[in-house]
Amino acid sequence: MSLLDVNDLAVHFGGVKAVDGVSFSVDPGEVFAIIGPNGAGKSTIFNLISRIYEPTRGTIRFDGQDITGLKAHDIAQLGIARTFQNIELFDHSTVLANLLMGRHTHKSTNFVQDILFLPKVRREEREHRHRVEEVIEFLELEAYRNKMIAGLPYGVRKVVEIGRALALGPKLILLDEPASGLSVEETQDVAYWIEDMRRDMGLTVLMVEHDMSLVNQVSDRVLAVANGKPLAMGTPQEVQAHPDVQAAYLGTAVGDAA
Amino acid sequence: MANGCIYGLVALGFVLIYKASEGVNFAQGDMMMLGAFVALGFGNSDQMGLPFGVAMILAMVVMFGVGYGVERVVVRRIFGQPQFALVILTIAMGFVFRFVAGSIWGYSPLVLETPFAGRNLYPGGIVVGLADLVTIGVTIALTLALWAFFAFTKIGLAAQAASQNQMAAYIVGVPVMRVNSLIWGLSGVVATVAGVLYATKGAIDPNIGLLGIKAFAAAVIGGLGSLPGALLGGLIIGVVEPIAGRYAPGELAKMSPYIIMLVVLVTRPGGLFAQIQMKKV
Amino acid sequence: QTAGVTDDEIKIGGAHDLSGIFAPFSVPAVTAANLVFEEVNANGGIHGRKITYIVEDHGYQVPKAAQAANKLINRDEVFAMLLNLGTPHNLAMFQLMEPKGIPNVSPITAARQMIEPPAPWKFAGTSSYYDAIKATAEYMVAEEGASKFCLMILPTDFGKEIEAAVHEMAEAGTIEMGAEIAHKPDESDFTGALGKVKESGCDTVGMALGVSQQINAITTANKLGMDVRFMLSGAGFHTVVAKGLAAQGVMGGVYAGAGWQDLEARAGQPEVQEWIASYKEATGEDFPSTGALLGYGGATTMVKALEAAGPDLTHESFIAAMESLDYEDPIGGNRVDYSADDHVGADEVFVSRIENGSWVLVQTLE
Amino acid sequence: MTVLSVRNLETFYGAIMALRGVSIDVEQGEIVTILGANGAGKTTLMKTIAGLMDPEKGQITFMGDAIAGLDPDRVVSKGISLVPEGREVFPYLSIEENLKLGAFTRRGDLSNDLDLVYTYFPILKERRRQAAGFLSGGQQQMLAIGRGLMAEPKLMMLDEPSLGLSPLLTQEIFGIIARLNAEEGVTMLLVEQNAHIALETAHRGYVLEMGRIVMTGPCEQLKASDDIQEFYLGRTEETERGQKRWKRRKTWR
Amino acid sequence: MRIVFKKSYDRDIDLHEHGWSRAKIAVLAGIMIVLPFLVGEYYLAEATNTLIWALAGMGLMVAVGHTGQVSLGHAAFLAIGAYADSALMNAGLPFLLSFPIAGLITGIFGAIIAIPAVRMSGIYLAIATLAVFVIVEEMVIMLEPITGGVGGIMAPSIQIFGISFDRYGALQNFYWLILGVVALVAWGYANLMRSPTGRSFLAVRDSEVSARALGINVTRTKSLAFGLSTGVTGLAGALMGHYIGFYNYELFSIFISINLLLVVTIGGLGFIQGAFLGAILITAVPQAIAIARDGLNANFGIDLGSVPGLDTMIFAVILILFIIFEPTGLYGRWLKIRVWFEIFPLARRDMFRRQKSYLKTERMK
């Protein structure tokens, strides 16, 4: 059974049909990539899944449950974490604090207990911290642990964002252009991380990416969209070979950007 | 109606500065007060005694200088700091303005001598104060002029750009700080006009700047970034106030402008002409 | 020796509004009081002691008034308080003054609470808003044929006292009540309220607003062509009100009752002339305002009482001296007399009327 | 002729030293690229040249004039235009207004330039009355580049122009860069993570690491360097899936 | 420079990183406890006043500094706290009960208000709270049986287990009582900020979309934060009522709201310590100006007292200078001084120089 089922999804902003009848499903443990020209509606699909936008039509099912009617903050509870294309970190907090905020869904204390800082709160704090340190180690963020986000280079912020999503301990992780703004070397790290996420952590990954080398390297299946409509779906090779995809998206030099 | 225009005019001052820097000048009401006093200083017979028109123009020039100078000397130094800093700064500046006016003109109410004081027109049997007509006319003219300034001039566009992204405005070559000075100067002029028109209704003293709070409410009702919104907000408050004063029970009447404001904000959190949208992520 | 008194100095305190909405009262009052003290000090002080008047600015904020009281009483250790402005501010300060029995002389507020409940250390300069307005209203009924009253008031102590006085008369059946409208200090548009007044058919409006507000409201009524008379309290009995209204074309129909007389009419009297001249010289202002008059009155009372108390100055001797005072104040145009069971200085009420930009005395009531 | 010359530039963020004595030269008609890892200081360098940040030490000379420490609007009016990192468009202004502002320092008719930008990016024309804040990430990037073009600068500085652009558009952008340089003679200073295409397009390159220039030379020479190949071009044989993962340390640390 | 070896996560979770800072707090607390024996009535009363302002400041700090909710209406919540406490005490409840209940009532009121206001931010929220303030003010005048209307009421005298804690009768006891309350609230506040709830406040302040994506219920978080903020402010209001002794609605004017905002910004937004430093500034500087003025007059014969309003104006100018030269507030300045000493003699003067900074629109949330 598939983990995520998107069926005939559509959203319109005024006259702009940002997403217009997209369907796909992601299997557990899969790395699924969405590609397409700028403005094709990729980020909008993410925003629909994380319930920031209200779909005009269509349904989204996760783990057998219809999540189309849920609120944005309920989505994380189900085990869906995401990153943002333009980086939406908590700028005035440290990396550590940002990652700890990712643990919000795992807190079981209420605010009165928090104010009194009962032993239970401390126990949970230790546990959160433990989990977060694992993420820090995994993403090699040790050097930045106590740095404020506001002063970090672009690339590190991208990584912190991935870390925050991982700290949530999700089943499905949505990555919006994880490699944009990263050098080849760093993109390679991202590729390894995605593989580890899937292999060691058992995560399912849904990703939007323009860097075809990364897409080729990690993804099992690829969906190409253009103008809000699906264009092609299949293995990375199949999709890249599709003439429409080449014309609308890749241009002449296929794979040259590697 | 005329009163609403005065709220609207002061609100225009708020909007001007908001449109150009997304800052809120809490001393706007006090600038209005100062403008009225400067005009009085030039115009009243026991002061310098200049003809009304000359005094008005001189007052506008002086207040342009005051606005411009305040930006140059004080506001500029907190460039790049969050909006909130400007709020606190201008609150403190309001105290200074009041002190200055109080030291020069004293704390007792004074009356500005205007050619239209106490003169009424009787078109078709109803009584219309000449001052009210002037107020309405001037307000409409000023709103239109400012609207055209922002909509059609390069500087107007640049000012809006600067409020949305200071760095990007600099990158395209907008002298952000000089534009800001100019806008502050302009808001000084608008404040003077508002102050003089206010003064036609009665007396002025250094504390009439308190009106600024209600004018600010007007600007917020309209949606802070919108000039017609400011005028509309001012008119709404100006119309609701006397109507509620007339028909609603006392306490409710006093609360009425604020209740309206709450209702507007709860339903449209960015005011009637809202320019707040959800961030695209 | 008593706190605040040394061999060559007496410290007096005053908590004022020098930067807020009631600065028009406090600022000239302080100036006038300081002039009186300067003259006394220049003549060698009182029984060899110079007077120091320490003034704190509370900006019409109660917490700041409490802070000011704390400084004046606990740090500066003043002997007495003079001309403290504002009703809630005075009341908050009473908390500190009461245990130490520090005399409160001529506070700038004519609220009844300044002498009620009675205490030995409380002294008011003039009769209360309540008494003044009641007397004025009675005059209006008798002489001007007023029969139906409306009220336009700020919900402050003086607004409420005026309300109480008028209500009492209505209950007694002397007058009818029309619309009663409460206002806020930042209001500047009175057309709605005046519409209500018109509708309810009042012939007289009792008004207790801020000074500038009263000018605006009466001007507006004039513009609307309303035929009503206005009755103001001491808070509106201000030379600038007459001048301001005249500048806006209102020449009459405005009455006020207070515990003192307007200066302008008496400017020819030698003492008054002299005082006006010295005040002008000291401040450069054209004309001493009501605040100055009150400041002068309070400071004079203080000086006279200190003199009468003799060289052995204690709170007891001071209070006894206060209670023995009885003199004519040429500036206020009233008679100041205290006694053990009368802690109000001037008991008269003067009803005045605006005529062509000046206040004219129409009746004196005991 | 040297268009831009930077000498011993030092820039701080509070106590953090982001540029530690950088010197570069850009000659008339050249495309110069700056490579460097995350946090190397590339953006800081661009911002300092543009006047957006104050240098602590060092000189910047543009066409013979010292411009270090000038206000950014003065720098722009001298003929330098910057396409900043991370798009920085004016979200509440329409696309057309955004573009017109790009020509703020210029006088005269803009319609030709507008048309040119619209032919490069047709989507912008389609949306020209719409607020820029609602464009997709890549569309905003196009707008930022278009806005930079509108200034008709003598020196154009581009900070990661391909950020978030599709492969097709990336190629197109670099095509435009090359063409502007060849046909109009616009000098370019280019920061780009996609080192392949940057080295392909540019004439000369610098490598900036930890706030210092560690390597420089013509692009051909750089492409041949081992370090460049490993860290900026990514040796292909290592990127096979399932490959053992290890990293060689950069030799210039 | 101090080097801290961390051997367990508890080190980070603890309130104090090392024994030294714990000792500093202990010394400070010690001095505060024995203060009544060290200073006279004037300074003790001032200290009490400062503590009350600090308490109110902590209340506002939760909203403005940590959740990004700017409020111009906090004077209203002081009022609600004060009147609720007095009313409950007049109804026969002992202070030990009426006081926390007054805080609770104010908190619940604030939390309810925050729900419809959740979509507002920045200046819009500020002005909406101002409207709430005006409405509360009118209610106070209307509810005469409870509030005494315009005339005002006398705050009941505090008795706990037969001991008087009256402001005017037993200032020392009153001071200790307030010190205890302030210490307790500060401790709870510090706890909050190291717990998940406190972090969710920061998250909502910095990015609402992200907060949602992490499963934080923004409405609930904002409402909780505002409720806690107003609750603490209500406690401060109750104490302020007792401190002033006799008050009416004019005690809680818009100027009090503005002063409170000054406390949190000048003190240092987002730091608990900032509330204390800001409170000291707002209460002590005007007094210092007055004392300096008296000193000038007495010693040099320079009589500045005769210039009306000069005190207030000097205070305003000090504020302006502060905002210009120390945008991070008093606490920010303090941190810099500390760093300077810690790394002495390695500090450079330009180390704290500000780099140019630019604003972007805050209209997009």
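By letter and in written order, the chains are A, B, C, D and E; residue numbering begins at 1 in each of them.
Operating definition for what follows: a contact is a pair of C-beta atoms (placed from the backbone, for glycine too) under 8 Å apart; a residue touches a chain by one contact, two chains touch by 3 or more.
Keep in mind the model is a prediction, meaning the values are calculated, not measured.
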Relative to chain A, largest Cα-centroid distance belongs to chain C
What is the chain whose Cα centroid lies farthest from the Cα centroid of chain D? C
Taking each chain's centre as the mean of its CA atoms, chain B sits from chain C at a distance in Å of 34
Please tell me the distance, in whole Å, between the geometric centres of chain D and chain E computed from their C-alpha atoms. 47
In whole angstrom, how far does the Cα centroid of chain A sit from the Cα centroid of chain C? 72
Touching at least 2 other chains, the residues of chain C are 19, 23, 27
By the touch definition above, chain A meets two or more other chains at residues 43, 52, 84-86, 88
Chain D, residues touching no fewer than two other chains: 13, 52, 91-92, 133-135
Contacts from chain D onto chain A in the complex sit at residues 13, 16, 37-40, 43, 85-86, 123, 134-139, 141-142, 160, 163-172, 193-197, 231-234, 236, 238-239, 241, 245
For chain E, which residues count as touching chain C in their complex? 40-42, 45-46, 49, 141, 149-152, 167-168, 240, 243-248, 250-251, 253, 255-256, 283, 286-287, 290-291, 294, 305-306, 308-309, 311-313
Under the touch definition given earlier, write down the residues of chain A that touch chain D in their complex. 13, 36-40, 43-44, 85-86, 151-156, 177, 180-188, 191-192, 195, 210, 212-213, 217-218, 248-253, 256-258
Touching chain B in the complex: which residues of chain E? 70, 116-117, 119-124, 126-128, 130-132, 134-135, 138, 141-142, 209, 254, 258, 261-262, 265-266, 269, 307-310, 312-313, 315-317, 319-320, 323-324, 327, 356-365
Which chain B residues qualify as touching chain C in the complex? 3, 6, 46, 95, 98-99, 102, 106-111, 113, 117-118, 120, 127, 129, 198, 201-208, 210-211, 213-214, 238, 241-247, 250-251, 253-254
